[in-house]
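Below is one structure, written out as structure tokens, with a few remarks after it.
As written, the chain order gives the labels A, B, C, D and E, with residue 1 at the start of each chain.
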Amino acid sequence: MSTNRQAAAASRWRIPVLFAILAVLFILEGTVRNGMFSGSWNTSLAILNMGLISAITALGVNMQWGYAGLFNVGVVGFFALGGLAPVLISTAPVEGAWQAGGPRMLIALATAVGTLALASLLWRHMPRGKLRGLALTVLLIAGFVLYRGLFDPAVTAIESNNPARHGNIGGLGLPVLLSWLAGGIFAAAAAWAVGKVALGLRSDYLAIATLGIGEIIIAVLKNEDWLARGVKNITAIPRPVPFEIQLQRNPEFMEFANSWGMAASTASGIWVKLCYMLLFLVVLLLLILLAELALKSPWGRMMRAIRDNETAAEAMGKDVTARHLQVFILGSAVIGIAGAMMITLDGLMAPVGYNPLRYTFLIWVMVIVGGSGNNWGAALGGVLIWFLWIKAEVWGPELIAFLTAPLPASSFKSGLLEGAAHMRFIAMGLVLLLVLRFAPRGLVPER
Amino acid sequence: EEIKLGTSLGFTGPLESMAPDMQKGAELAVKEISDSGKFLDGSTVSLVQGDSTCADAAAATATVERLITAEGVKGIIGGMCSGEAIASLENVAVPNGIVMISPSATSPALSTIEDNGLFFRTSPSDARQGEVMADIIMEKGIENVAVTYTNNDYGKGLAESFEAAFTEKGGTITTNSAHEDGKADYSAEVAALSAAGGDALVVAGYVDQGGSGVVRAALDTGAFDTFVFPDGMVGQALVDNFGEEIEGSFGQNPAAEGEGRDIYVKMAEEAGYDGTGAFSAESYDAAALILLGMAAAGSSDPAEYKEKIMDIANEPGEKILPGELGKALDILSEGGDIDYVGATSVEFVEPGESAGIYREVSFTGGEMEVVGYR
Amino acid sequence: MNYLSATDMRGGYGKADILHGCTLNVEKGQIAVIVGPNGAGKSTAMKAVFGMLPLREGQVTLDGQDITTLSPQERVRKGMGFVPQVNNVFPSMSVEENLEMGAFIRNDDIAATMDQVFDLFPVLKDKRRQAAGELSGGQRQQVAVGRALMTRPQLLMLDEPTAGVSPIVMDELFDRIIEIARTGISILMVEQNARQALGIADIGYVLVQGQNRYTDTGQALLADPEVRRTFLGG
Amino acid sequence: MIRVEDLHRHFGGFRAVDGASLSIETGSITGLIGPNGAGKSTLFNVVAGVLPPTSGRVFMDDEEITGLPPHELFHRGLLRTFQLAHEFASMTVRENLMMVPGQQTGETIWSTWLRRGQIEREELELRKKADEVLEFLTIRHLAHERAGNLSGGQKKLLELGRTMMVDAKVVFLDEVGAGVNRTLLGTIGDAIVRLNKERGYTFCVIEHDMDFIAKLCDPVIVMAEGKVLATGASDEIMQNEAVIEAYLGTGLKNQVKAGTG
Amino acid sequence: MDILNAVVAVLNFVVIPATAYGAQLALGALGVTLIYGILRFSNFAHGDTMAFGTAATILATWGLQALGVSLGPLPTALLALPVGIAVTALVVLATDRAVYRFYRVQKAVPIIFVMASVGVMFLMNGFTRLLIGVDEHRFADGARFIINVRDFRDMTGLSEGLAFKTTQGLSILMAIIVVWILFWFLNRTRSGKAMRAFSDNEDLALLSGIDPEKVVRMTWIIAAGLATIAGTLYGLDKAFKPFNYFQILLPIFAAAIVGGLGNPVGAIAGGFLVAFSEIAITYPWRKIAGYLFPDWQPDGLLQLLGTEYKFAVSFVILIVVLLFRPTGLFRGKSV
């Protein structure tokens, strides 16, 4: 018992201390210039901003894994779907696109959804047997033919509308912050559909299903040009913050920058990044607050019970399926929000970039290193791992230069130095293994 | 003064095998200028390497951010792939007012991007290559082709511009379908292409990626034996990989007539790397242009030298080949004019990209032969 | 001389000790039974004897040899067999394979021993090809005991072997245990079915909070009203 | 209360439950005994909705409940314990109990953000209740222990404790006694009787300890090979030839010896 | 004649490539499934282990070629394979000693092992590239074809050709041999049974006198062997490029999981299921229709879905399979 209390006392300080260390890393990155750090606030803040987005993503994954034990390996898919929101909600409408095929497209999509809904009704309400199978097949085939009949011409029409520049359906021109919410909703809707189908699967089997769904979502984003130009990318997505150039042309800001003794470009860069940082921080803290409130209450207890033993939780009256679906949707929504935020930050939607290594596994690393089941841990892991991932680009080659320094010049040494870029992976691997070694349950363990 | 330039190339990621030779190209130009001692009152130049990963826009942006704000580079050679190049240009280079010259980002989207005159590229937009390729194929009397492209903005953009040009000229495209890079197996793609048929297969992909995989599977199954290779495919690797198997195939890549390229390849050989590697020569030119621009402006401030780049790239002036950068510096310091030709016969059109002179190659007897320029 | 002698064992799972100087002795061919309330540390003591728990103090000797520092699998080779209280079968292996695994360290012919086990637990013979994880609770328990018997140990340790087995099988089991003991094998077992178990015990230990509370012959313990009331359910 | 009609549950070709029909009267403490592998646990699992039946129907208060999911049965007042303890291993013992009651305000996610006060109050109640149950089961001192660290018997107690957290109508106990100290088992028996008398719970108890069955249960149902073999008062059953042959055995000698010893 | 043409076309473009690819996936999936079954975690480093093993084999092959050794029509790499396996086994054992053992002693939960394997994946990934570089290597020598298209046409007079590569034949043959040996080992030998017992219940295995460290070592050695063989066959058939070996991890995992994790038969079935669904579903039937119904001139390609969705299709199939068999075709484990 006494050991318990000691552990509790230790963990009370653990979180602030770790966050303080993290803050120091970023301050060093912003101020000190040597082989390890760049000494640029712009760099430091840029890393931090993406780190905050990663932290939110990690938070979403943590909800699914840490609270409920759902093994979602399709993170990249939900993240990408969230990224679709700024494109569809906030970019300017594309002239002629809607007239070309908008309504037809909506009807086609409605047909598809309707067919599926009808099919599931049929499945539930018809008695078992051959007839049911037959009816279902006929319905699905008819629905598919009808859908393709409506869908294909609509796609052709939209995509042939100025394909070099547009060829997509365009956005609604709404404020970009709204699209963050929409990103969450997109991802949540997909999660609902996926969850309905796949949540019956356990652990690694769920993993492969979600992995597949992630790949499918990415494939759709890449190949359905009418949606967001596919691999041809959408650029110039609106921003919620001023452009650096605008600031540089603003005399007041210039004066302000001068009073700090900073060059215009540096100051404007920092300013913009600080604006983003504030926005991201607000979102992150709000989400953590909500998550903590939920987790530290009977809801969270119920989730842990379900994670520990589904059969028993079910026998104790908890609707495991519904809860799984709920938390899967919530977590995905959070991932979607993060996805929308990243696209806003990048100002670019490039589906080719969505690769699972970066947007699924790296996020998983963040969650586990941070400490799964713990919101602060996940956030910490998110920022920290992102920092290391970026710094590994510099540290890797430094490391190998250091290691090979004593070697005499030879082709072996130059070969090693040439491969220095790959030290990025080695450095990342080492960091991961070291953290896991010294904090096997994560930096901030669940309890 | 010590001036720094940065490279932002995909040293890790799907094009990791292409990046090193590009880096070497840039290094060669930097070294040549730096060692000449004639640059901006004896300033030295150094090159800072950055990893753009080719695929991950966020990582590329972070890299360029570091190069600019932390390393303080005055110009960037990169990005490598169009998507990532656009992201880092819009998010970092333009806000910070730094010049970026990409050796290899060829997406048509970059022609119209808002860049404040900061972005240039030593490769042409793919919009042009489509036309050239269509001409070449038509002239061979082939009217029926299947197209497979790597599923990114480069591949798709090229495939679309080619399709438009080719059908315009009366040809037929039996299928125009994508392949993903880095997949384990391309049998399905080849099966589909073969079923669609066609007298030749246009492979708008990367030679050390899915492009080769598709060619391999197509050869093995006998689906096609004539291939058309655009820039992502043309390279020594193609000859090494397939040798006589692709007898009778042909292709084109941006590279201009003249000794420039041969000189560069020789220089590269002396420096111990392969100068024929895709976009390696373009990287040399990109670095040279930035530095010569600085020399012409007499300043390393991007806001000033960005204005000079079009001037030095085009006529009038004395033609400058690779290895003659010292001479160029001399001319510039005397206030003369130069017309940088470089390794790829640089000729810039508005808004600051290579006009697009292509070299037509064919594969006979296990060798790649240059048959003409257009 | 005791065949097994575990003296003054101290140890636990984390920082806190569960065993506070517990001593267990079994002579050759004897049956020793440990009883006690839930959570007294009976299973912990068994694990300690088997080397699955680091001891902070105390010593375990087998046949006069000090085995305190040996690993569990080395103790198996010294002739100890153990049936844990939970997780005591290989769930995805067939019943037959479970028994074979029991004989893993033996190099001689195991067919005869297996027949003996099947004689003892006839159900298992019918279910020999079925995965142990699909058996009923009591059948699993029988597989678990059978597995340990396959080792042909010199010292057989059983943690609640009769939990969940039906009366008829339980009687069989106790009869068989007596028989085994007669062949010179020592038995150390934990039982909640204390009255039957103490009935056949040569020596009984009552363990409370990691300490020996009473130690006596089985019959004597059964006769002690205090012991009966507090530990044996009246 | 519970009626089972011609229930079958097959595993592949094996008939674990093979046409069992039985009923559990409201207010009774019904014993369910039978040799190992008779199909008792399988029957439980089918009734409790864990396994779908191959055929046959289950009724509760004349309403068909065949195939309803366990959580729904819980809300109808049907509770069960598991033969192999199913504790929530990483949660504390007290949390294991506190999570049981349904309809907690704090279990809907919106209320965790909006109705903190209400939740606080409910939690206090729950904590008190949980502590009472722990007290009763003699494991109050373990309230803060991880449930996964409990001893085998303690886990069984926790299983039982969970059913005491809510007002149930019918409780299925699958071998609560196995591995539980006999003195404590006596107390548990008393508690079952008390819950039955005072709160009107109906019980169905699987147990191999015949003393326990005899003291508590009336009637007793005997299963063998997936079918019901006999039903009756416990002393009747103990004399039943078929039951003795299939289940009890004649060799009660140890027990007798112990009883007189 | 036309029917024969149709059959040959399907064989050439669907059956043979899918079978060879399926065999390669199956071998990879066997390694994954073995680790999962016995050490109970999904080993993300398996793809890079394959890459490393192949790199080692290639280096050995070059060595042999430099010595002038050759296997005639068979690739020299087969001779180099034992060297590759040995080196990989050593590396993998060292990794276990340095990384995984620690967590085993701690009895860490599987996800920690998974993450540790991600760390190992990064390391191996880097080391392989340092060892052999990032470029593509072809190391298949010997005869390329058992039958090639031209010969087949000349032989049969059909207009469709049929190609069967040596490496495809090798892949299939090796898969059969390796699988057979593995089965025999796991189900018939003492060590094999000890491995299964260990996978079922580690503590009880200990109580039965099984040395857990020995089991673990054995598992890693076999996994290293499987990885090297799978990687080398794949590299021989396609080409070796370190980057691709991370990509192939995806279909390999899909195969292992859909077959039922921990179940070797499942891994094999899964490998073929994945390969065939990728290749067969997106196959356009126009040519075949042309042979079978010469009068019919369809406009489209008669393709169910474009090849850009081939992964999507194969995953949809996997998901459907899992919906009906939640732990895979052959009832796998789940931790």
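Note that in this section a residue touches a chain if its C-beta (ideal position, glycine included) is under 8 Å from a C-beta of that chain, and two chains touch if they have at least 3 such contacts.
Keep in mind it's a predicted model, so treat the numbers as computed, not measured.
K.L.:
Treat each pair of touching chains as one step and give the shortest count from subunit C to subunit D.
P.N.:
1
K.L.:
Which contact partners do subunit D and subunit E have in common?
P.N.:
The common neighbours are A, C.
K.L.:
Report back the single chain whose CA centre is most distant from the CA centre of subunit C.
P.N.:
B
K.L.:
Out of C-E and A-D, which chain pair has the most contact pairs?
P.N.:
A-D
K.L.:
Find the geometric centre of each of subunit A and subunit D from their Cα atoms only, then give the gap between the two centres in Å, rounded to an integer.
P.N.:
Each chain's C-alpha centroid was found; their separation is 45 Å.
K.L.:
Return the distance between the CA-based centres of subunit A and subunit B, expressed in whole Å.
P.N.:
Distance between chain centres, rounded to whole Å: 32 Å.
K.L.:
From the C-alpha centre of subunit B to that of subunit E, how far is it in Å?
P.N.:
About 36 Å separates the centre of subunit B from that of subunit E.
K.L.:
Which residues belonging to subunit B are in contact with no fewer than two other chains?
P.N.:
16, 151, 178
K.L.:
Considering subunit C alone, which of its residues make contact with at least two other chains?
P.N.:
Where subunit C is concerned, no single residue meets two or more other chains.
K.L.:
Counting only residues that touch at least 2 other chains, which ones in subunit A make the list?
P.N.:
Residues 1, 222-223, 422, 424-425 of subunit A touch two or more partner chains.
K.L.:
Where on subunit D is subunit A touching in the complex?
P.N.:
Residues of subunit D touching subunit A: 48, 50, 69-71, 74-75, 79-80, 82, 86-91, 95-96, 98-100, 102, 104-109, 112-113, 116, 119, 122-123, 144, 162.
K.L.:
How about subunit B: which of its residues touch subunit A in the complex?
P.N.:
Going through subunit B, the ones touching subunit A are 11-12, 16, 19-20, 49-51, 55-59, 61-63, 65-66, 68-71, 82-84, 86-87, 90-91, 94-97, 107-109, 112-114, 116, 127, 151-153, 155-157, 160, 178.
K.L.:
Along subunit E, where are the residues that touch subunit B in the complex?
P.N.:
Residue positions touching the partner: 12-14, 17-18, 21, 24-25, 129, 133-136, 138, 148-150, 161, 163, 165, 234, 238-239, 241, 243-244, 247-248, 251, 275, 278-279, 282-288, 301, 303, 306-308, 310-311.
K.L.:
Applying the document's contact rule, which stretches of subunit B touch subunit E when the two form their complex?
P.N.:
Checking each residue of subunit B against subunit E gives 14, 16-17, 151, 175, 177-180, 182-185, 187-192, 194-197, 208, 212-213, 216-217, 220-223, 237, 241.
K.L.:
Looking at the complex, which residues from subunit D come into contact with subunit C?
P.N.:
Going by the criterion above, the answer is residues 11, 33-38, 40-42, 83-84, 138-139, 142, 149-154, 156-157, 175, 178-186, 208-210, 246-249, 251-255, 257-259, 261.
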